[in-house]
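Take a look at the following structure, please.
We just call them A, B, C and D in the order they show up, numbering each chain from 1.
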Amino acid sequence: MLEADGLKKSFGNIVATDDVSVQFGKEDGEMVFIVGPNGAGKSTLVNLLTGLLEPDEGAVTLDGQDITTMRADQRVHEGLVRSFQVVKVFEEMTVRENIRTALLIKRKKTGGLGPRAIWEGLFSLDDEHEAIERTIDDLVEQFRLDDVEEAIAEELPHGDRKLLDVAMSFALDPNYLLLDEPTSGVSAQETDYVIETIVEVSESQNVTTVTIEHDMDLVKNHADRVIALHQGSVHGEGPPTMLETDQELRRLLLGVEE
Amino acid sequence: MVTSSIALLEANSVLLQSGIIEGLQNLLQPDTFIVQTINGIRFGFILFLIAAGLTVILGILDVLNLAHGELYALGAYVAASVGGFLVGEGTAAIMAPPSSFDPVTSFAFVGVLILAALISALILVPIGVVMETVFIRPIYERDQVYQLVLTFALLLIIANMIEFIWGSNPQKLDLSTKTAVNDIPTFELLGLSGVPSIVTLIMVVSLVVGVGLFYFFSKTKTGRIIRATAIDREMATALGVSPDRTFTLVFALGAFLAGFGGAMELVRTAANPGMGESALVLSFVVIVVGGLGSLRGAVVGALVIGVLQNWMTVVEPSLESAAPFAVMVIVLLVKPEGLFGTWGERT
Amino acid sequence: MTDEDTTTDERTAAEKRSERISVSEGSTTRRNVLKAGAVGAATAALAGCSSLLGGDDGDSVNIDQDEVSAGLLTFTEGAAAILGQQAQRGAEMAVEWINDAGGIAGQTTMSLETQDEGSNAVDKYNQFIDDGKDVTFGPISSGTHEELFQEIETNQVVNVGTDGTVTTLYEGEDPTYSFRFQNYDVMEVMASVFEILERVGADNIDTVAGVNPGYSFGQDEMGIFETAIDRLADAETVYSGFPDLGSGDYASHISSINSEEPDVVFSSLWGGDASTFLDQAFQRDMFDNVQAVAGPVFYGSADAISEDVVKGVERGKILSGSRNYYWGIPEPGRSPDSDALYDAATGQDGITVPTAHYMSGFGAVTAWATAVEAAIDILGEFPDQEQIAATLEGHGFYTPGGYYTMNVDHQCRGNGYAGVLQWDDNIGAPVIEDVNIFSATQISPSPTGALTSQNEQTGEGWVDSL
Amino acid sequence: MTPGISREDGQLKIRIMKGMELTVRETLGLVAGLVILFNLPTITTLAGDLPIRQRPIYRGIVFGLAAVGLNLLLRHSELVSFGHAAFFGTGAYTVAVLVSDYQVKSATVLLVAAIVAATLMAALIGYFTLPHTGLYFALITLAFGQLLFSIVKGQRALGGTDGISVRTGEAGVTILEQFPTLFGIQLTGQEVPNTILLWFTLVVVIISMLVMYRIVKSPFGRALDAIGQERTRARFLGLPVKRYVWAAFIISGIYGGIGGGLFALYFRSVAPGETLQVFVSGDILYMAILGGFGTLTGPLIGGIVLETLANIANEVVFTGPAGETQMGRFITGAVLLLIVFVFPKGIVGSLKPGGRVFEGAKTLKNDPTVAGPWFRQFGQVTVEAAKRSVKNVRYLLFGVK
């Protein structure tokens, strides 16, 4: 269970989140979307939930443990994984190498990432584990990157880079996956494709996925639950039909009154 | 002859401890304290002139100019030639140093001396422009290591050219030029002996330049444009500011300040081949302590380092050269962004 | 081209000499007069043992070695070039005189190559060896000398050091091929100490202070000074500063001295640093607060010291040493050799007055060349390195600056000079007046020339026992 | 997977060890390089008056080894260290102190001690630099380096600025017998002992290079690459970023320590100015860039070239207004400018496929007439730069019309 309780975070005079409390179940395959107008505090919430920021008040717990007491790599080990609004992939590596890097963590089964892994790492080459190569094959196929698997990341079209970014997150075998606008900057045609791929893989792997998304049609089509933020507070939380019924929310999100 | 180095080290540290306490007592005698602090402030002001250019160039151009120390040295060497030509005994093109104090001629002479320093610093402006436009401009977008290689290459070239032109003997002004300044009473009027008026001159002139610099950045249009460019290069471009020209201006300004610092220092001491290197390394300390890219930080950092180093010569001379780096390490560990740092917040 | 070049080898050196002198007598040009002086002096310089000049009677042995090549390591670049230039000119002058006299033993001419010791000095030294130099001279820096010392012993080619001041250089060692002509720093510090005692008086000295360069040399000098002044005048050190080399800033040190008001200030600052220090001390009225400022090597920067300081400071307050050589001793007119060297040196590029560093170059070359002559005289052939080294041990020789002895500890000793720094308008440089001459036995542990068992007493131990 | 020859994509590959396959060209370069280095004593003798000397080249090799270590941080973690002399100096001083104060004479023991000391020093300094990246990393490494330098040169026990000799100083033993030994062989005398030490050093260097190859190709090396390219992402992929950077820092320090230890053995004397000072750190960095920091062997070759260049360049003497001046620094500076503007990938990087020299030579071979346009282009660039400077000076002095 990933649980946020009474989160408050300010930057100078601006209150980014104010008393936000949300809960996510572990590995239940739920698709949660966070919606809200610009400046509602969506990214701040994701940053707080993943420990990138520390809350001024309140706490985030992962299976009962306060995440601010955990190191970034420990959080990943416990299954809490995220992506960033701006694509963050390893630009000078190929697609396969990117995913292989993400899969380094899988070596926890063979000694973790501690001093022993460093030591052992010196005596093995990076592409030696057949099991890992097979996992890469699977991920590349799932995310439909097989035709560009040997391409350098910085040369990929933007949509593919986004997919690679998400694929790396999935490679970590997450329990909770938080995606900060996985479709930002992606062309209209590619958007559907990216979200659909995410939903498909999430469901097949039973990952609890929390996504920030602006495209309301996509949210409506794929969400199990929607959390709407406004001015740093939770405006409402419920099934995607909420987007149809809550007039105030529609006004906030679409800027129009019907 | 061979002694265990560890035993010697221990003996050394015991000596050091007792020496430090005694040294502190010496420092805290009122006269010593005031004079040493004034010495430190003067040194701090010169350091500020060097570090200000370095930090402004770093803050705005995002380039760590390793050749900056050589611009300071070059300023001193040029000033030795220019000063020698304008006010030197026997060569004075404008006026020779007066042999005794006389309000009119003495102050006029100080004016000519400052003029010589200004001319020397101005000579560095085109050199700075050429450095920026020819060498540094093509590599703004490149990896930072190339900037380090490039500016280091310029350091080597300038240092070698200085030796080519002036040789390796120190260059200085005639002592009579210094005496002419020292004949004007300043701190003596306050009942404080031991601070020659040349120090007063350096402090006053550096202070004026420093205040002028702050005025320039906060009140003038060009200064505001430079600051705007520093904060947001794209926005400034959108507003019709040419970043190219701004960068050139900033670099020229940095060269002017370093050159002026060198020229002022020459009035008191001599230009020598190693002065650029030590000035560069100390300016690093200053801008790190003050905060990279912060002009205010440079003031505070320069004064802290200048005064501390002067105190240290009384407290424990053997730690004189280590002290600035120890301060730098401590600041980086405790407050990594420096005392006035804004740098860390930029992404 | 003069007709000298047409002289044939059959004629003896003496014949050539007399011929050249007669040529110069017929001319009044400065250059020829200089040459006449030079030749006269060369005779004397190389006449450490007068019989060595051989050839005088036209009956020289054939030593089957027409030329030797030598390498000199010295500072030709950077701030220390102010010293290195003098050493280089001095060595070049010695080589010139030797060659003018027909070479070593009238037969073997010398060539000299100079390299900067400022960077990778040991590499350059090894380059000399690779190039097959028959002898090497230098360096100036004490650090380089320590490094070089073991290389010399490894390479087994004689090196006569010009400077390299550390006291401990040969202490506890058993050198074979490594010698040092000048600047055993105990000697120059002790010359300064005795000079101070003479001028100020032991009873008038209660407190002393020091400003010395912040590296091994400066720390060494100050250490010796502190011990000596404590033993001989029971004085306490109240301040000791070690500014970095070339820092150009002595304000804080001078301020400290002004507030402590010590009786005597000792400073081994050299080169541009010495003149900058004196300038700043003058500007800050330091001379009003002390009885004397003594510098063992102030005179090394004679060319750079300001006229205003020397003239502006009360006479007798600046005491300067000049190590093992001062051009004014013996007094001009009393020694033709000394006069000739002075004239020849000041005629060279960049030399206003020859300083002790000039003699360190001149003397190192002379020490080696005269030892080789001595060996030839004994052996009847050109000696090998081991034989030269053996001859150099305990070797005594004259230079225009006086008589020197290369002790069995491989450290050369001669008289030390110190006096009052004064300005001389005629030569446009400072001079030392009222020069005190301190004999080698007075200012160094081992008595001159005596074959004591080596290193029984360290320099520091000797000073401590005063 | 044993050494052998294979054919891939029509290209002959020579397998040195598992995962290490070289093209024919690379193999030839490697073999030629090794033959040259192992035969240095002969080559320098044959060179006669040509300025090819063993000592500068040896200096280049040991500093180059430190640069190889530095390159682990520079190339993979993208951290610019400006204080690498600290580890070089630590290694060198460890050897010198053990020999002179503790009479340890075995070169192998000394080298191991140098590694241990450098490891501890790197662990200490590395720990404090971990939170920093970019310019701050460069400056904090510089600060630590200068701090160490200032402390060491103030210690009389360490010989101050003069440094210490690498010999025991035992009484009753000739100087030649006071130096360290290698496998029982006295490392003294000019010709043979230096050759033995050179060969030993080359073996150490080869082993070090193979180890470095394994490091950069290992999962650990991959993780460093990831950290260098996108630190935040690496952190959120669960990589223990700080621990890995720390490990890389220590490894890179060890290479500096080995270099310093070998330096002390060969040059038999250690002083702060030539092992610890900030410009020594700078040199180590510039060696990596000169040789090509995108390559494994580049920093080593950069070291050899930079030292040899400095040695030769100092022979160039111009007579200026102040008399004769050695132009060594000017020439070195000019070569570094050339690297920045024309050959940014460094020597080795430019010779590789995709590098400027390689591609340029290929183009030139196909169509020799391109040389003309190249020169014209170069001329144009120079003229434009000059015009730009003049224009800017005019703007600054007279304002914009």
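Just so it is clear, contacts are C-beta pairs under 8 Å (C-beta built on N, C-alpha and C of every residue); 3 or more make two chains touch, one makes a residue touch a chain.
Predicted model, so just to flag it, every value in this text is computed and none were measured.
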Intersection of contact partners for chain C and chain D: B
Chain pair with the most C-beta contacts: B-D
By mean Cα position, the chain sitting nearest the middle: D
Centroid distance [mean C-alpha coordinates] between chain B and chain A, Å: 50
Rounded Å distance between chain B and chain D, as computed from the means of their C-alpha atoms: 32
Length of the line joining the C-alpha centres of chain A and chain C, rounded to whole Å: 78
Averaged-CA centre spacing for the pair chain D and chain A, given as whole angstrom: 42
Multi-partner residues of chain D (each touching 2 or more other chains): 153, 156, 169, 323, 325
Per-residue multi-chain contacts in chain C, two or more chains: 77, 172
Touching two or more other chains - residues of chain B: 1, 163, 167-169, 318, 321
Complete list of chain pairs which touch one another: A-D, B-C, B-D, C-D
Sites on chain C touched by chain B in the complex: 77-79, 81-82, 168, 171-172, 214, 239-249, 251-253, 255-256, 258-260, 271-272, 275-276, 279-280, 282-285, 304, 306-309, 312
Parts of chain D lying in touch with chain A, wherever the complex brings them together: 18-19, 211, 214-215, 217-223, 225-226, 229-230, 232-241, 243-244, 247
Touch list for chain D against partner chain C, complex: 44, 49, 53, 55-56, 59, 153, 156, 159-163, 165, 167, 169, 171, 174-176, 179, 188-190, 267-269, 271, 273-274, 310-311, 314, 323-326
Chain C partner contacts - residues on chain B that touch it in the complex: 1, 26, 29, 31-32, 35-36, 39-40, 42-43, 163, 167-170, 172, 174-176, 178-179, 182, 193-196, 198-199, 265, 268-270, 272-275, 278, 310, 313-314, 317-318, 320-321
Chain B-facing residues of chain D, complex: 74, 80, 82, 97, 100-101, 128, 131-132, 134-136, 138-140, 142-144, 146-147, 150-151, 153-158, 168-169, 278-279, 282, 285-286, 289, 293, 318, 320-323, 325, 327-330, 332-334, 336-337, 339-341, 344, 385-386, 388-389, 392-393, 395-397, 400
